[in-house]
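Two complexes follow with chain A in common, the first pairing it with chain B and the second with chain C.
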Partner chain A sequence: MLAFWQDANLVWVLTGTLLLSVSAAVVGGFAVLRQRALIGDVLAHAALPGIMVAFILFESKAPGLVLVSALLSSLLAYYLISWITRVSKIKGDAAMAIVLSLFFSIGMMALSYIQTLDLPNKAGLDRLLFGQAAAITQQDVVWLSWVAIISLCFIALVFHKLRLMSFDPQYAQTLGLNLKAYELSFALVLVLTVVIGLQIVGVVLMAAALLIPITIARFWSQSLRTLLIIAAILSVMSAGISTQISFMVPHMPTGPWIVLILGLLFGLSWLAAPWVRGQRHV
Partner chain B sequence: MNALSTQNLTLGYQTSKVLQEINLRLPQSQATAIIGPNGAGKSTLLKGLMNLLPHMSGKVEFFGQPLKKQYHNIAYVPQREEVDWDFPICVLDVVLMGRHGRLKFWQRPTKQDQELAQQSLEKVGMQAFAQRQISQLSGGQQQRVFIARALAQQAKLYLMDEPFAGVDMATEKAIVALFKQLKENQQTLICVHHDLNTLQDYFDWVIMINAGLVAYGPINEVLTLDNLNKTYDGRLPILQNLDLAKPAGTN
Partner chain C sequence: MYEFWIFITASLIATSCALVGSLLILRRMSMLGDAISHSVLLGIVLVYLLFGQTNILWLLSGAVLIGLLTAWLSEWVHQKAAVPSDASLGLVFTWLFALAIVLIAVYADNVHLDHDHVLFGEMAFIPFNNLQAFEINWGPKAFWLSLSVLLINLLVIGMAFERFKLSSFHPLLATTLGISAAFWHYVLMSLVSITAVASFDAVGSILVVALLVIPASTAYLFANSLSKMLLYAVLFAQTSVLIGLGLAAWLDSAISASMGVAAGLILIISLMVKRIQQAREASRLASQA
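And then the complex of A and B:
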């Protein structure tokens, strides 16, 4: 049953997946607390055209190339959103929806075009839509792990400042803190987390991996540190189980399973938390 | 030296200018109220002073220097409604935020910072609530926490946006007592204020604005019927209790 534990490569994959799920839960947690829940969704969709265009240009899926092209594409979307909201009366949610669909459409067009090309390594690009942990190579996992570790170290290092800026950004500015520098570095970490999450969770469902763990955790705690820890544990649980399923059943995408298990945990917490805590909150 | 001076300060949002050509000079160790009708630009003025608005022109100086060099001397208290009070954090951690202007990006608050935050909570009568989650506070308690956070900055000038809005009597009294204490310690206060009935009791100076500066100065000099009419476009609130200043030259 648990056959894949015996395979060294698969243990590698699991390690990468778990590291990613921890960083997605923690970084996503901050995004939710800053009331920017949907930005992760936008960044994930916006990575697609970058990856596809890079593939057309270089005919390669090397992890470094995927990472850099996705990063550029997502950051472009991020700037486009802040630019639209700055120079027009369009609100943030509308701007995000516009940019998300625009980038995703371009990505899908490029993907369709690639399918018509006669290239041997084009197979697997469509897995980015829903993710498939089983298909990751060891080379990918090394990249995933580094990015996840860097993201987590960043969050741990500037935890206090991030919390301050999430709670009251204007006040943070009146203290003389460089809000823009923190904003940019957080955006960068968020984009990195999203981009590496694509291979496992997929473009379409990446937002769920970022948002649901912290949302479930809020049923159980009110301290930010505990919240992030609970979110990380839940995220690891769902990622572990889904990866297992993705290995055992051929062609089973990991992303939908992660979301399904998180959804189940959400439902259970919703029912059990008030009963366990003796009071209803939220 | 003036605590605050502005030259031709013009502030606004994207397309509309809310306040134009504001020239102020406020002395130290005074409590100044900013009054004016809704939408007159009171909060805009405070935010503009703290450089929180993108569109502005003119010059602002605190203690003779631009804001950039004076961040450590100025504490800003926003309106309570501007933050999410369901945010998962306890009272003490909110107050400790006041120390972060002096901490580098990787530094955590020290024991001294913790003690300072505790003392600040004591000054507003909230020491018993240090470990309480902020979602469990009443409106008045939220206001006191925000003021404690500003006190933890150990600033020389306090800018407060409607500190008395929606607070109970006990909180109002506690804040007024604190004002007195701050002034005795040579600290300066500038507050957006709504209640004309308490204006003279709580403050020494007044800035009257209505989409521009109407008048400013010591209350007993500038709080005239004429200026109030200009500030509130003739729609004056009940004024029988006000001891209005007489325009120069009469009486």
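And then the complex of A and C:
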């Protein structure tokens, strides 16, 4: 146990996963409460065409370029979903599946085009989407900390407005709130968390980190503030335990364990919540 | 013959997907295809670890079982735990996927599975994998598989058309009439799993998700009855297959990805056409008033 804390690399991995899970739980909490539970999955897949097009244009996969291009592409996907549901009768779930598969197809098309090109550094492009928690470096943690701090500060600052916007958009509009600006800033924070996270834990597990904590929290509370706090705590617990597991068992990936533990916590809460709440009411 | 087999297989798969996908989007379950495409990894890993099989029929059976489990489990969690259906779907499929990855890591020395092959199936290889029986070459296996899936879909949807219609649009009335909405829901989920898994191997998971939702959504824009929606969806799917083949030949890109892009282009053009129609209608009404 002690050796764990002396291993510098593992401390970085732990800090990184903890920060990521807190911001994912809080930002994802809002997304889930706004009926967009699988948005993380969509946005993470939608990063692919951006990365590929940037590679075709600049022939580079520098981290900054990958980040910016992925961000733009996911942001476009976010707005395309809103646009489709606004201008047509297509529902939100179909719009998400459409955007996911369309963006991923464009990405795969670009990837197959890149593979016909004669470029030295094209290898490993398709691996960018699968993530590697064990490979977190000090620089990644610095990035992650900034993203986590920015997203958490943003949520804390505009908490009341976001809450109003999520649960009663019409009332928010009559109050004269600039809905578009808040929508854009929320989209930016969400996309930023997803894009940074997917390079570390991968596409699928990113989706899980966004949606499972808040789903568990709903067993325990009805108030938004408490919900988000419980989600963050659960998320930190699972990140801590899974980092410990991946330290004790060699070659064990951290990301999937986070999801497995979150799933177990879901099962436990499901069983325990009615019982605990029943006791309280008696 | 080479292009012919690719075209005919893609078109069979596209028809199956368009039919099932139309029913899927009416029930607001569009992300199910994507969810199943990830969770089937567990089925493949389990078949490999428990039975040591890499034969495609074994892997497909494992994948279909896990596909069914994904659909059933998410529906069960949704109903019993009062979790929104999209959240329960996300919970179930990511958990199964994570379990698969952990199993691969635990038995890393024994697993030599190509995950890429399942998720990014390449259509260009379809004609090279032929069914040999009685010393006769019967053509690609993928063709026979997708043909059987289409026949199953046609049979079930054809026989239970009225029931699907009623339980999609008016579940309460269906229940009052003694039709079990839950039963037909599970039947549909099973059709989706079989269709999706059988198609992954031939065309890859991205195209399956695209073919399930995009042509059906385009049809949803224009159709005013379920039978018309199914018909339009099949037509849009066939058009996407043709345009996709053209795109792939022109740009030398992956065939299945090009078909997905073609389907998306058709949808976006349809959305624009709809918008222009609406604007015209509005200005006509305004000028009358």
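To be clear about the criterion, the second predicted complex is superposed on the first by the 221 of 282 C-alpha atoms of A that agree within 3 Å, B and C clash if a C-alpha of one lies under 4 Å from a C-alpha of the other, contacts with A are read in each partner's own complex, and residues count from 1 in each chain.
Everything below uses one rule, namely that contacts are C-beta pairs under 8 Å (C-beta built on N, C-alpha and C of every residue); 3 or more make two chains touch, one makes a residue touch a chain.
Because the structure is predicted, anything quoted here is derived from the model rather than measured.
Applying the stated contact rule after C-alpha superposition, one finds that A:101 touches chain C and leaves chain B untouched. Of the two partner chains placed by superposition, chain B and chain C are both touched by A:218. Within the superposed three-chain model, A:35 lies in touch with chain B and with chain C [touch as defined at top]. Ranking chain B and chain C by residues of chain A touched puts C first. In the superposition on chain A, contact of A:158 is made with chain B only, not with chain C.
In the superposed model, A:227 lies in contact with chain B only, and not with chain C. Shared-chain residue A:176: touches chain B; no touch with chain C. Touch criterion met: A:257 reaches chain C, while chain B stays clear of it. Legend: residue contacts after superposition of the two complexes on their common chain; A:112 is shown touching chain C, with no touch to chain B.
Of the two partner chains placed by superposition, only chain C is touched by A:204; chain B is not. Shared contact residues on chain A (touching chain B in one structure, chain C in the other): 35, 89, 218. Of all residues in chain A, those touching chain B in their complex are 33, 35, 89, 157-158, 160-161, 163-164, 166-168, 170-177, 182, 218, 221-224, 227.
Contact residues on chain C toward chain A in their complex (touch as defined above): 25, 28-31, 33-34, 38, 81, 83-84, 86-91, 93-95, 97-99, 101-102, 105-106, 108, 120, 206-207, 209-210, 212-214, 216-217, 220-221, 247, 251-254, 256-261, 263-264, 267, 271, 274-275. For chain A in complex with chain C, the touching residues are 32, 35-38, 41, 84, 87-91, 93-94, 96-98, 100-102, 104-109, 111-113, 116, 204-205, 207-208, 211-212, 215, 218-219, 251-253, 255-260, 262-263, 266, 270. Of all residues in chain B, those touching chain A in their complex are 14, 47, 50-52, 68, 71-72, 74-76, 78, 82-84, 87-90, 93-94, 97-98, 100-101, 103, 105-106, 108-109, 133, 135, 149, 153.
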